[in-house]
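Below are structures written as structure tokens.
Here chain A shows up in two complexes: once beside chain B, once beside chain C.
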Partner chain A sequence: MTLPPILAALRKHKAGVVLIALQIALTLAIVCNAIFIIGQRIQRIQRPTGMNEGNLFLITQMWVGAPTGDDQASGDKMDSLLRTDLAALRNVPDVESVTAMNSIPLLNSSWTNGVSLKPKQQHSTAHAAFYFGDENMLKTMGVQLAAGRAFTAADVQHRSFRAEDKPPIIIVSQALADKLFPGGNAVGKSVYIADNTEPSTIIGVVKRLQVSSADTWTNDFTWNTVLEPVRLNSNFSRYLVRAKPGRLQAAMKESRAALFAANPMRVIDDSAEHNSIRSFADIRAKAYRADRGMAILMSVICVILLAVTGAGIVGLTSFWVGQRHKQIGVRRALGARKIDILRYFQTENLLIAGGGAVAGIILAIGLNLWLMQRYEMDRMPVLYVLAGVAVVLALGQAAVFAPARRAANVPPVVATRTV
Partner chain B sequence: MLKMTHLSKVYRTEVVETYALRDFNIDVKEGEFVAVMGPSGSGKTTFLTIAGLLESFTGGEYRLDGIEVRELDDNARSKIRNEKIGFVFQSFNLIPDLNVHDNVEVPLRYRGMKATEREQRIMQSLERVGLASRARHYPAELSGGQQQRVAIARALAGSPRLLLADEPTGNLDTQMARGVMELLEDIHREGATIVMVTHDPELAARAQRSVHIIDGQAVDINEEPRFHNHAHARVASQQI
Partner chain C sequence: MFHYYLDLALRSLKRSPGLTVLMILTIAFGVAASMTTWSVFRAVSGDPIPWKSSKLYVPQIDMWGPSARGTNTSDPHWGDPPDAMDYGDAIALMRDHRATLQSAMYMISPAVVPTRPGTHPINVSGHAVFSEFFPMVDVPFQYGSGWSAADDERRAEVAVISGNLNDKVFGGGNSVGRTINVEGRDYRVVGVIGKWNPQLKFYDVVNTGGFYVDQEDLFLPFNTAIAANMRNDGNTNCNESPKQPGFVGLQQSSCVWIAYMAQLDDAAAADRYKSYLTGFTRTRYPQWAPNVRLHDLPDWLDYEHVVPRDTKVSLLVALGLLLVCLVNTAGLLLAKFLRRSGEIGVRRALGASRMAIYAQFLTEAGVVGLAGGVFGLLLTGLGVASVGVVLPKEIADLARVDVTLLFTTLLVAVVASLLAALYPTFRASRVQPAWQLKSN
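== the complex of A and B ==
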């Protein structure tokens, strides 16, 4: 059976055809954009920070009774406490390396500033997140050096976290280096942090290092990072610890005991809310919880929409099969084979779904343009629309199969029945 | 053309077996016009559905145009229905969503015929039944008599070897019935083999011979004149 008689029959059932085609069009428009958003979220969730993330954990702790002043004596005392802790952690058998840092990627505790090529520049050349740590920072994070050198113990200073940030040397991420010096060769060049008049010399470039937040406000400078050889002194500290391979859980447990053995006057909050000793996997999971939630929500919406549309097609086709029961028998009596009846309904559905898909393509692109204007979403590649079309057409064919097979099994003798 | 020998059709349920046809024998020669009569429930519709390969039978033999149909699969039966048999139903059975032209075209499309040949046959058939001018009308726009003529055109379009008519005038008034009957007679005179199931003795009398089906068995009245009165008496008594 070819198209003209099927189209002629469809013209007699306009309301049902238009409703299902419209449902297919809306499903296509929403599913395409939802899948695009899901894809983007998954891409965000899976992007590597630039660190070697396995076997890493973070300890956040606070000393009880530690000095709080910004004077030299207080600073020295706090740095002494910090170095004692670092030594204690280094001695834990399952710990490979340790560094004291202000923050790490995805922790959602950010220190950001402008970086300029000239002093007192009105608008900084780039915005970046800042990480402070000692000579073990690169090794413990597991970031890869692309050019220049890492910090040595001699480079490392200590200062209060409230003191002015005037590092003589820094390491930058490749993305920031490219932004500052598009011509390359950033190593050895000078830049100015914030309003500093004293330059900071770039001594090294790391391949990739993400900023400390995954929130959208960092989208413009996600990979712009600066590392400074500084132990920040405060009454609290963060230790990034790399456990020996496969010994993460043991190292986390042992580190807690080692810190309390070195100095019991501290608070390490183990409550679920603060969870002061956390694996990096936990930090990553928490950072992308909203993205994961959005991806799951969108997936559920897609599944529900597809299921409702599939059910609509099954319902309408079943209704039509019931309505045309006698007509199917007549067709069989006139020589239609079972496969002809099956094909009739499959083709009929293909025409309806095809019409719906054409309208759906326009709606999908329109919805994407609206989202781009209102919510700064990216332009959806055509591939998503084509994939969406394939999905709704396949859904239509799958949904129509069962009622179409029921129709194909209508016996030809039905043609002779009067009721 | 159509030969059934010791044919039986049994409808089975869990508790009962009902013989719709039992030791049924009939032989319709090529070019004959046979009327099949019988009271309600006698098995004449079952005979027609089996003759038209619309359902299977339980035992015996059935040869149609020299082909033993017992072993044919569903596809082969569909092919024979399409190529060798034309159906005319009591309730016309036109497809309401298709116009007259497209209704006549249905069996030709299932045959896989080319468009030009289809078009030629459709117009010939519609001209044959006097409805060429109504080709673009829908069934609902036609009278009962016209709808039955379209059904006859649909049956004729495929040039079938056998025309099976199930109470073709049953839903028509006298005038329309006469017109349809004359059309069938014309078609028969042109050489078609027709088997017509009817209740109406007047219509049956216009056929070459009549076969009565009583309790699932065929009684050929013209071949068994002594049985004639007895058979009519039984039919009359059952109808009363």
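== the complex of A and C ==
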């Protein structure tokens, strides 16, 4: 098969060729970027928080008419309410362990602050999300300790939600430890939280723990987390509960009853929109809902786009086959085999699609750069463009196959007929 | 003549049904994808209070000074004052009372104890506001009204509740004058809000994050809520940790947690207000040069990036899809029109002008566009109905099919196919009659 006759034929219908090539170029540009967005979103959705996420659920409740917890006396009162709740939950048969925490990963309720190496540093060394909880925090979350030790009951203090945050000891995530002490060995070192002048000593490092929100504003410090051995006293509280394996639903139901039995003057919503008792799977799904939606939307658009382009190629090639009916007959009469005719149309399509793909690569990269500038997208790896090229070339070949086979089946006798 | 072209178009389309269906589907899918994403975009970027948004302003003042500025100077908001107020500034602005109407406000989510026996307490969302909030954002009342400026002053224990909360606590009806128990204190209901639940809580986008599922059920006087120690439920941003603990400590600190809105009736009033803000800041913070901003509401929503970025990117990608569909239709029309070179040759030889050829083929394209539009309308309806699967509820709920969307869909479909048909028609009109007649 030689190219010159194909090129000569293509020159005869420039407009059609240009339109198909343009369509392939645009399709490639959009599909690469869309697939890149889908890939990124799927990566985000699938990343583990660092907790052992199965069998976990969270209770958010509020006491009615409770003291503020601001002064010492009312703080003590609130703490005893909190500990009563913890004891009640611990006694639920299907509960394995329970801890009081201010927030958990992906909940979208955040306490963030700067962490510095020196006191009164003008700009902090790293930004991090803070989790406050008791000695059962690590065990209940199921995070893995990489170095140092976990909190013990003796470490745990309680304070008002709004009191000053000056923890003598903390546990940090590996990512934060690496950022603060690139040399390693963070355990035993001192850091300063916010504008504190008193240091906090790192007693342990956990392997991985995500911050309390999946929103874009946390993208710069997704894995920087600090754990403090503190029960926070406020008019509301959150309990992270690990159910016994396979007993999640039962434990959720029993916990609600147990809390109301311990103290009825509280709010535990159970409406569809405001459920106070939520499984972690539900919290995760809600946190990534927009990402999941974007991935689905982009997939739908990709499918439509590829279908439209494929159908367009089928349509236009069919027209060309019809137009060249007679010439195909002549070629067949002159000795061309069926496979030669098939190859002809396939090669022709490969040339057009190839030309379109070259333009498409430039468009794809241009579109990515523009999205980076306008919408803070990341740079698209070349792999996506190459994959996109493979997809459009394959699409072209698949689309051209049926019309090309019809062309190959044109009998040589057509050459002898006049129109 | 149009009837004749229409007849020709329908005959031609019937002659190659496969190609016709393909073109209609292409247009339909392209239009439906872009219209569905547009309906979402339109919903989230729409003006929440179009009749007076240009009169509503949000001031920003710099209470933290230049030392609080971050290291990221490439941030477009770098050097801007915080987007909320601390307690001291908000109260001082309220005391000066320089705008036509104004209100400082903060988000609350207290517990309400229903009086009916056997019910558990419920958690409600709302705002602590000043009396002028209600006329400023045009809150419609079903019963009663807002409270008075005097109630603000004397920290009256009064409340405005939503119809929703009225149903829940009192079982509906005119509850003005009844008492509602909030966090253990009794408040006298002075107003029940009618149908009013803006999906975009435009008066406080900083704390609600813009689109916020919760209905606002309770409004209490700002000073009363402060006196009752009712904590803020929104964001708190601090440059320095509060010196004193507790909610009182927060009020004395420079932490920002209060939203502020002012109504200024014309541009001159806005200018005067801005120079007042400058003076205000200079007096309160003589240590640094006054750094103030005054955004009108549309400008403020833009500044706060209320429209999710994903919505914009989706719209762009869908428009890209429409463009591809356009190119595709152009290719198919070109094939279809040129296949009929013989027919064109005969018509031209019999005296049809180029204009007549244009009219004939554009009519054909228009018919395809209209059919694509009608089918696209069905798909758009389907798309809008299923955005709930794809988008968060608070945004999906906003997208709806209305007359504007209906007509826009049809218009876009027809205009798109006419655009796609321009070049193929031009080629068709250039067919040389003599050539075609000879070759046959």
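For the reader, a short list of remarks on this structure follows.
Simple rule for what comes next: the second predicted complex is superposed on the first by the 417 of 419 C-alpha atoms of A that agree within 3 Å, B and C clash if a C-alpha of one lies under 4 Å from a C-alpha of the other, contacts with A are read in each partner's own complex, and residues count from 1 in each chain.
The criterion applied here is as follows: a contact is a pair of C-beta atoms (placed from the backbone, for glycine too) under 8 Å apart; a residue touches a chain by one contact, two chains touch by 3 or more.
Because the structure is predicted, anything quoted here is derived from the model rather than measured.
Of the two partner chains placed by superposition, A:Ala146 touches none, neither chain B nor chain C.
When the shared chain is aligned, chain B comes close enough to touch A:Gln327, but chain C does not.
By the touch criterion stated above, A:Ile37 is placed in contact with chain C alone, chain B being left untouched. Touched residues of chain A were counted for both chain B and chain C, and C has more of them.
After overlaying the two complexes on the shared chain, residue contacts for A:Thr416 are found with chain B alone; chain C is out of touch. When both complexes are overlaid on chain A, the residue A:Ala8 reaches chain B alone and has no touch with chain C. After overlaying the two complexes on the shared chain, residue contacts for A:Arg337 are found with chain B alone; chain C is out of touch.
According to the touch criterion, chain A has no shared surface contacted by chain B in one complex and chain C in the other.
Across the complex, chain A meets chain B through its residues 1-2, 4-5, 8-9, 12-13, 326-327, 330-338, 340, 411-413, 415-416, 418.
Chain contact summary for the complex, chain C toward chain A: residues 18-19, 22, 25-26, 29-30, 33, 37, 67, 70-71, 111, 113, 120-123, 183-184, 213-214, 229, 231, 240-242, 245-250, 308-310, 312-314, 317-318, 320-321, 323-325, 327-328, 330-332, 334-336, 339, 389-392, 423, 427, 440. On the chain A side of its complex with chain C, the touching residues are 15-16, 19-20, 22-23, 26-27, 29-30, 33-34, 37, 62, 64-65, 68, 70-71, 122-123, 160, 162-165, 194-196, 216, 234-235, 260, 264-269, 273-274, 289-290, 292-294, 296-298, 300-301, 304-305, 307-309, 311-312, 315-316, 319-320, 322-323, 371, 375-377, 419.
Looking at the complex, you find that chain B touches chain A at residues 45, 48-49, 52-55, 74-75, 78-79, 81-83, 87, 89-91, 93, 95-99, 102, 105-107, 109-111, 154, 158, 166.
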